[in-house]
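Chain lettering (A, B and C) follows the sequence in which the chains are written, and residue indices restart at 1 in each chain.
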Amino acid sequence: MADTVTPRKHERSFVRTFLTSPTAVKGEEDSAKMLRGAIGLRGMQAPDVWTPDNEDATAPTMRDEGAENVAEVVAEEGADFPGEIHPRIVWRRDDAGTRYQGLQHMLRIADPKKEAIEHIDGFVFPEVGDIDDWKKADEAVTMVENEYGLEEGSLKMSVIVECAQAELALEDLRDEMGKPTNNLERLFMLVDGEVDYTKDMRAITPTGGLPPWVELRHNTSRGASAAGLIAVDGPYDDIRDIEGYRNRTIENSAMGMNGIWSLTPDQVVTANKSPLPPVEGYWLLEAGDRKIELDDEGDAWTYAGDRVTLEETGDRYRLTVGDDRKELDEDELHQELVDMLEYVPNMDDMVDSMEEFEEARDSGIGAIAMTRDATVRIDGVEMEIEDDRMWDEATYEAAMTPVKLFQDVYENRPDQHEELEEMYGANVVDRATEIGS
Amino acid sequence: MADTVTPRKHERSFVRTFLTSPTAVKGEEDSAKMLRGAIGLRGMQAPDVWTPDNEDATAPTMRDEGAENVAEVVAEEGADFPGEIHPRIVWRRDDAGTRYQGLQHMLRIADPKKEAIEHIDGFVFPEVGDIDDWKKADEAVTMVENEYGLEEGSLKMSVIVECAQAELALEDLRDEMGKPTNNLERLFMLVDGEVDYTKDMRAITPTGGLPPWVELRHNTSRGASAAGLIAVDGPYDDIRDIEGYRNRTIENSAMGMNGIWSLTPDQVVTANKSPLPPVEGYWLLEAGDRKIELDDEGDAWTYAGDRVTLEETGDRYRLTVGDDRKELDEDELHQELVDMLEYVPNMDDMVDSMEEFEEARDSGIGAIAMTRDATVRIDGVEMEIEDDRMWDEATYEAAMTPVKLFQDVYENRPDQHEELEEMYGANVVDRATEIGS
Amino acid sequence: MADTVTPRKHERSFVRTFLTSPTAVKGEEDSAKMLRGAIGLRGMQAPDVWTPDNEDATAPTMRDEGAENVAEVVAEEGADFPGEIHPRIVWRRDDAGTRYQGLQHMLRIADPKKEAIEHIDGFVFPEVGDIDDWKKADEAVTMVENEYGLEEGSLKMSVIVECAQAELALEDLRDEMGKPTNNLERLFMLVDGEVDYTKDMRAITPTGGLPPWVELRHNTSRGASAAGLIAVDGPYDDIRDIEGYRNRTIENSAMGMNGIWSLTPDQVVTANKSPLPPVEGYWLLEAGDRKIELDDEGDAWTYAGDRVTLEETGDRYRLTVGDDRKELDEDELHQELVDMLEYVPNMDDMVDSMEEFEEARDSGIGAIAMTRDATVRIDGVEMEIEDDRMWDEATYEAAMTPVKLFQDVYENRPDQHEELEEMYGANVVDRATEIGS
């Protein structure tokens, strides 16, 4: 069965990381210092998309100089940068002067005489409004392409979704992108900007922290999916809290948003690795509202916490989860544990399951059960349990997503091959790059 | 005040259950075996809508034979089947060949010479895209109707919403259904397909389990409500986990999605009963994040768990909920318990309340308080509490929904009358079928 | 950087409270008694918007008299009422007779001879359907304006969003409001009506309680933001449960919905105060799924609960949160507590931060860290911790929302000046009204 996912419009199907850097810093002898630092990043520290930020990250008075810096630094080192380069310029749905300034900055950066343009993949527009405002931004890029004899549509365009108007525009993309009087097919990333969105929605929280904005993220992911684009979440302020950042990426991936803004190389490393299949598989025990990872002690997967307790009472068992206590016989306990346990497959497991299903399918079988066994130990009590799941074509295709992401990374980021082989081993990497093709 | 709910387009206002069966199984001497099994179902085991599945549940190589099987089995036994019959045929928004094949399969199944069509209520289309793709599906059905001299629009059409494009199309239905160049008024069910949707959204979860997709379910329910259609949730994979399945139906009903896909007769029984008002009313005690059902011990409703404790200390009380401890006097305790307790009415209670309100309304009173008393016992401490709620016209109409669902079931499913009377008693059934009419 | 929030269409930018009163009560010697009571409210007990309710709150047989009462009472006392006055009249998307009746009631209320119209700001329409139905309502108001020689568009129009059709219409407002053949720029408030919405969505809950309808509230807030309108939540039935009501307003504000329906003067007081910055700042300790307010004991912020425990073990510490126990050294504990603690700033703190940022910005600095120190005591163990957050232009503007709300209140509600000065002190009020201008 052919894959019905809407095909992406550009070479890259996935963007894990979106790193922004100030284009001109006041008071440094080299105001382009931050740009030179970022463009030198390689491997897991280098983002899939690097965005020299000539908007909020750069003081208004420094932005003309910033545009020159972008051109200069990208001309010098852009050829060797492993990710895509998408500078962010200034734009405002409600201010023609700012829009004109954004056009001027693009013209400076893209000027062929500066020899940066061949390394620049597109531009990022903040503060866009409804769909007609997106068309103005598209037209500005078309003017740049025309001025410098570039093919129309050759420069990609990405937007920051940071107001309600733009959230609503996400529903129009599929209809508008085909129209003859625009080049909106150049659209590439839809990036949420939760701080400005919070302002635009006039939301108030007691601590001043950001609301979760689950609906915005869903709608952005949906808009990207319907139009063949890529959804990216906004910045995560607390740069010390790497664990919280990683959890945000996991939450996002469950919504189909596999990319996130990065403010530091540490965040880049975390977000580059997060959507990749894990190196080691493991079992989760669902204890009330939380899922706890079991420890692999070789002979058994062991639960160490206090939340769940299990006690043998003659030929029966007493299982407590938080405040709930159950008296169970062996079969009931087994069933209970099967329901409480889930396996998190590593990439090796995924490839195995894929291959197993492909074989079955080739021999005309539409659905098979994937079974996984384990010995689980809780408070010294051991039990054999198994987790089995029916796989059909749809399950197979849904399960392919993380593998496709891996394949996309492998194809587009040779600078990460070494780290990927260290992580997974060459054999797993080989099989993962072959599968499904 | 007349009811302003958008009137449904077809006889049935509610569909609780949507059971799919493979149309042709390889290697069986009778490849139609599964169809013959399903079409024989009656009573609570029989679904409101039965869908011979000539798509994913049937191997591609078996689908031509599958179409013949559907025609044959429905011709033989369709007259006696108590639910509606809506075969699913193949369709793909991105593959004209598959769409043409779907048309051919419909032509085979609907061919009057095969004498199945008089028992077939409509067809189900998977993998639809945006609204213009839905119109292609509608046109395919129109061709079938025209070819066989059936009235245009007489065959219903249902779709599986399993991609972002289709989710967006849900917003267009109300505007598009009236247009002169389509017969989209034939639309009947909007069925979510979360597995393919997860693939299309490129969502990733650590275990490979499905994300909750709350927004998709809300948008499907909203689209159904705005266009007078019926919302149905997708398959629930873990067929052993009947409790989880039942909880899913309760969660769905709170979103206005009163129907769900069923993979087995056990699931059908559960989903047929779940949205019906309960036989026995009971009290819930809200303990932190969970609601615990109290035990009816005749003289008092008793709480048995460990999460909430209550202790009499002289003329005061110590109430603990989880980690929270409160010292209260009698009035404060009473107020606290009133806030913590909620009553779940059974059908008898509902009919009582309806009748009470109708009387009040007829005597010119716009709003009345519905009060319910109970004796509650926690750790041996007893207290009289009451739960009262203001009812006005809007409350009355909102409360009518489960009763209307019951009435719709009673009218359309005579084969369930016996079981319903066993459950509720003939007297309650009589009053429930009369009320509100 | 100019503020890009979509400018509101009317003088008021915020509505905290929307109080409804029956227009004519049967059996009272003065059927307008409730109106006279409400129009006499002042200060925190008076709502930002008062709605004499000639629909659901008034018996159908009393509504003609109700319209006369509204005109009479508003003519007599409307000049002195501190909030806006927006009567609700009858309307039904599916009943032309009701719509005509609504028009007649508006004509009675607005008749210049009755001298009420100069104190009436607009009308509220219930039961509206899709956008074309909103246009009918707009046209009815235009007829009233035309009949009495009022300027077209001078009367505001607000709607109750209580069906799926209206929820979908929220997405059309921005495009439709500019069109030459309507006066939809008169739109003012978008008010959710969850009881009727629950009926229209055919949602069922076991207890008959209302579903949370998070998506509806988000979509209403988004629609208001995109079109420059004001979002208001629906009625909160349990009028005794003031704490639950307050929590609802906090949840709403985090969605950008800063107003809520009030059924009683007590609810008005709560909802008028809730979105205002707190008088005293305080620290929150995140313990698992809950956030607990610490007690200010002068020398330290102290945690009193049982959920979190902290113990010194020689040169190390044992921290338990619910079931999780951690052994930490001093630095690890410090980091852990910093992650668990959040500060809720009072208005004084907010103004300080604003001023600090404005200074930095004027001196050309784009981003600064706002730091806050505290001594925290848990189980007798004390520790110095600090909470710091990066502020840039966007953070500053997002943080302005509660201050702008305060300024809007201060400008539009002179009758609350005294209470506000009692709450905050004259000095804080002065600084808060100056900042950002």
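Definition applied: contacts are C-beta pairs under 8 Å (C-beta built on N, C-alpha and C of every residue); 3 or more make two chains touch, one makes a residue touch a chain.
Just so it is clear, the model here is predicted, and its values are computed rather than measured.
The angle needed to superpose subunit A on subunit C by their Cα atoms is 120 degrees, rounded to the nearest 5.
Under half of the residue numbers at the interface between copies subunit B and subunit C are found on both sides, making the touching surfaces mostly different.
Between the CA-based centres of subunit B and subunit C the separation comes to 34 Å, rounded to the whole angstrom. Among the residues of subunit B, those touching two or more other chains are numbered 171, 215, 289.
By the touch criterion stated above, subunit A contacts subunit C in their complex at residues 26, 56-61, 92-95, 127, 130, 163-165, 167-168, 171, 193, 195-196, 198-209, 211, 215, 237, 240-241, 289, 305-307, 322. Residues 1-2, 4-6, 14, 171, 174-175, 214-215, 218-219, 221-223, 225-226, 250, 253-256, 258, 275, 278, 284, 289, 323-325, 335, 339, 342-345, 364-366, 389-390, 392-395, 397-402, 405 of subunit C are the ones that touch subunit A when the two sit in their complex.
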